[in-house]
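Labels A, B, C and D are assigned to the chains in the order they are written; within every chain, residues are numbered from 1.
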């Protein structure tokens, strides 16, 4: 304790600033000072791997499922995702035609599937306009909240 | 605690600056000094992998403290480090002159200090030739295995 | 035994239930909100189903979504954990109507003990002492004054639907009572949608002591002795221990027997907690029953050697409790510290964020129940509990020493936690001497 | 009590001793070799002193360096841990001559029990059964044949200075004995610098059962019941448990009493282990005394609730043991699995390297004693023990379930470990039925 006190406050910003200036001046990547229970550790610049030119273009991270319920744009294709947990049905009954199939043009009001939750059959409207490019879930499969169901191309 | 106090404040920016200058002078990439609960660790330049082309020249890794007991060359300055755990004495008695002081020219057989371990006083020979540029440990201080004791410039 | 259950909770208690199930050979379905999608404990479940966005009201609290997840997860029962839907009698009823087991008491028993006023009536029926107070709800300010005068000031106004200190007011005289009455009922209405208020004598500097109970569906009701949770801050428990220090042996026996009597009268089974306050003279008074597993259940597990969560699942599956009351012999002393993501230096403000590094303590007598790991991001949407550090030693003194050692080993980098506060409490001489009542922490922090 | 002690060891046992000291309020000086310089547990010590390069013979085994470190570290005592200098009577003597306490038995007691032949003589003196065998060392092949015929084949040849299976040979007849004799004495000479050999009857498929003892310097000697360490591979213990399953109660009582009698006869104090083998008929025979704390000590701690390392330090400081034999009541069942950096798929070759990630198990009944963390590099110079996973439950069956659950939670990335082997053993029906003797693992691996 007394040693620590005699050394003053290592959280002294001025001292840290001087250390950083020192690092910049001399192009240091790391300083690590430790004494008793005090420690100052500063890292600068790129810690790890440096890739040489040409730098490969990394695709931007996008998420098609992170939205609360509305579809999210990924490049051009939109996704209708499940607003609830339940069982996915493509048609209103075993003998009925599916609500949508690939190639169909749909508007926002169009029911695209049924999700059954707690014995209640919920018709799910598309919410968007475009052409169905994929149905991602099989008839009768369980779906969780936010799970992508149907892909739609809004510009087709 | 007493050791820490005797060595002063390692967060002293001036001391750090001197270490960094030493590193630059000798193109070291890393310094890691540890004693009791004190530790100073400084890294310089890009530590990690650099992918080519063009391949950046990576400074050779050198260690000033890792040697088993013999001093290891670091650019130009050599270090005599402690071959045992014990108490460091600069002279053979309280009234005697120190074995070496900064500026002395020494040969391999020259005793540079005494390390007392288990009541036995062990004279430590230099093992190398050159000019003493620094004595790193105070008289009467505890030293651990591998701890740097004396710096020698072999070309001076 | 169940083949597969759903865990309708998150964080450390979800992990706790997963661990119990893995030992029982029961498969688990975890549910999670989008805020918890990267939580590591989900990988220990056999299946994980997203039930909604971060906001609890849209995910963990949505009965329809939880039930749907149970249906598509094909489970036989639901473990509700604590908080969220755990004490929601309607949820327990929905489970029953959907033919899904509920790992907890029946909806009827839950409703009976969940309302404080009806719980007090049950206590009187079971001959369990309550704090002197109104016989039922108070309907007017005038009635409040009459009752307060008859039981004697100072009095405490409490919301019948309340919890966590909401809707509570102390009044020292007629004048104070008038404004306290209005504030308490308004607050209760806003917080719980139920303005019902009752009045009790205000007990000064009480200890909070609770009894862990455990019953099966075959008529056996046992207690696992008591826990002392007097180390609180603003009615939030910080440190819990068992046994309760400075409790007279005869008080202890009487209190545990009272808890069992009350639970039997309520037709209760499963795990539960009967809470009491103990006044400075050593009298105990019933306060409420928590109809669920409790955050601090591990301290009772440590001293009795009984896994409460496994027992809870077993009795929900219809198994008989094999043990007898005389087999439940407490051993040593256990202490739990709640490690919260809060900044003690900043008014205990919640401190969500990314945990850069964590080093868990270990060694003899140390248990660390936590769902967090390096890289875990503490979401801002839920309570701030990161984990529970529990120690078990031969004596209270040694338990304190082990806890201090373990707290110093526990390193959490990236966010602020309550570790420094715990170390301060453990170093406090009043805590060492067990001179702790529910006002201790605030007095310590003020001092 | 000591103010400051030095820990003459490394790895998990160094951390174990640091934890005990922190709870006792004793300062610690750790020593380390250059290979261990970055080990995290060193930061929990009050001081850390480098004593030499990686090779143990130049660092942890160098008496002069360890004593120098004790002197410059200004300690009152040294805890030797296990292995390294822990059973070196000369080291204990040097400590005494330097006026440094040694946390272990006296050099005299250590020497008396350290030599197997003299330990057998002590056992006979204390009326403790030994495996029928030679009265002392055998000096010629002719004498070996005579003795072997008198006690009956098959016989076991053992090095008096031995350990870990070195210098051991089984011979089924005269012819085999001749070559076994030469091999064993040559191996013993090479390994221990002592060719002394004695002969015992070879017990087929024995169980390895050992008794934990604990004594103070005031004449009290207690036992903490037994551990079963029959789950071994090539004489290396893999899994230890307490109590020993299938041990008849009267055998258990007799064995524990024998261990205490033997320790008293030897003038022993501190913690120690008296090892026995139990034959298929349930007879027990003394084998040897380990004059130190043992790797598997935690299983005894869990069932008795006694912290052995703290007790060891206390008695070394001259304190009296407060407890009595009748206070030491075992509770439940404890199992320990040694987590080694070895590759079970590759002949259990040691597997040093960098641990990229580690997830420690937690929850009820789980203790993990380990010095490793993410980023830790397992040095190739020392034994391969990464940590010890210990569980404690009400019954053996539940302990097995908890251990399996905890082993599956334990994730170590970057190197191979013995975790898969442990899971295989735990799933084996012979292990479930406690049909385990010291040949079990090899038979299991042979398929």
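The rule is short, and it goes like this: contacts are C-beta pairs under 8 Å (C-beta built on N, C-alpha and C of every residue); 3 or more make two chains touch, one makes a residue touch a chain.
Quantities reported herein were computed from a predicted structural model and do not represent experimental measurements.
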Contacts common to subunit A and subunit D (chain labels): B, C
Chain of greatest Cα-centre distance to subunit B: C
Length of the line joining the C-alpha centres of subunit B and subunit D, rounded to whole Å: 41
Where subunit B and subunit C are represented by their mean Cα positions, the distance between them in whole Å: 59
Whole-Å separation of chain centres (CA-atom averages), subunit A against subunit B: 51
Averaged-CA centre spacing for the pair subunit C and subunit A, given as whole angstrom: 35
Junction residues of subunit C, two or more chains touched: none
Residues within subunit B bordering two or more other chains: 37
Arrangement of touching chains [line / ring / star / complete / other]: ring
Each pair of chains that touches, named by its two labels: A-B, A-C, B-D, C-D
Complex interface listing, subunit C residues touching subunit D: 15-16, 19-20, 22-25, 40, 44, 298, 301, 305-307, 309, 331-332, 359-360, 362-370, 373-374, 392-394, 398, 401-402, 404-405, 408-409
Contacting residues of subunit A [partner subunit B, same complex]: 2-3, 6-8, 10, 15, 18-19, 22, 26-38, 40, 45-52
Subunit B contact footprint on subunit D (complex, rising order): 34, 37, 46-53, 59, 64-65, 67-69, 71-73, 98
Residues of subunit A touching subunit C in the complex: 66, 68, 84-87, 117-118, 142-147
Contacting residues of subunit B [partner subunit A, same complex]: 1, 4-5, 9-11, 13, 16-17, 20, 23-24, 37-54
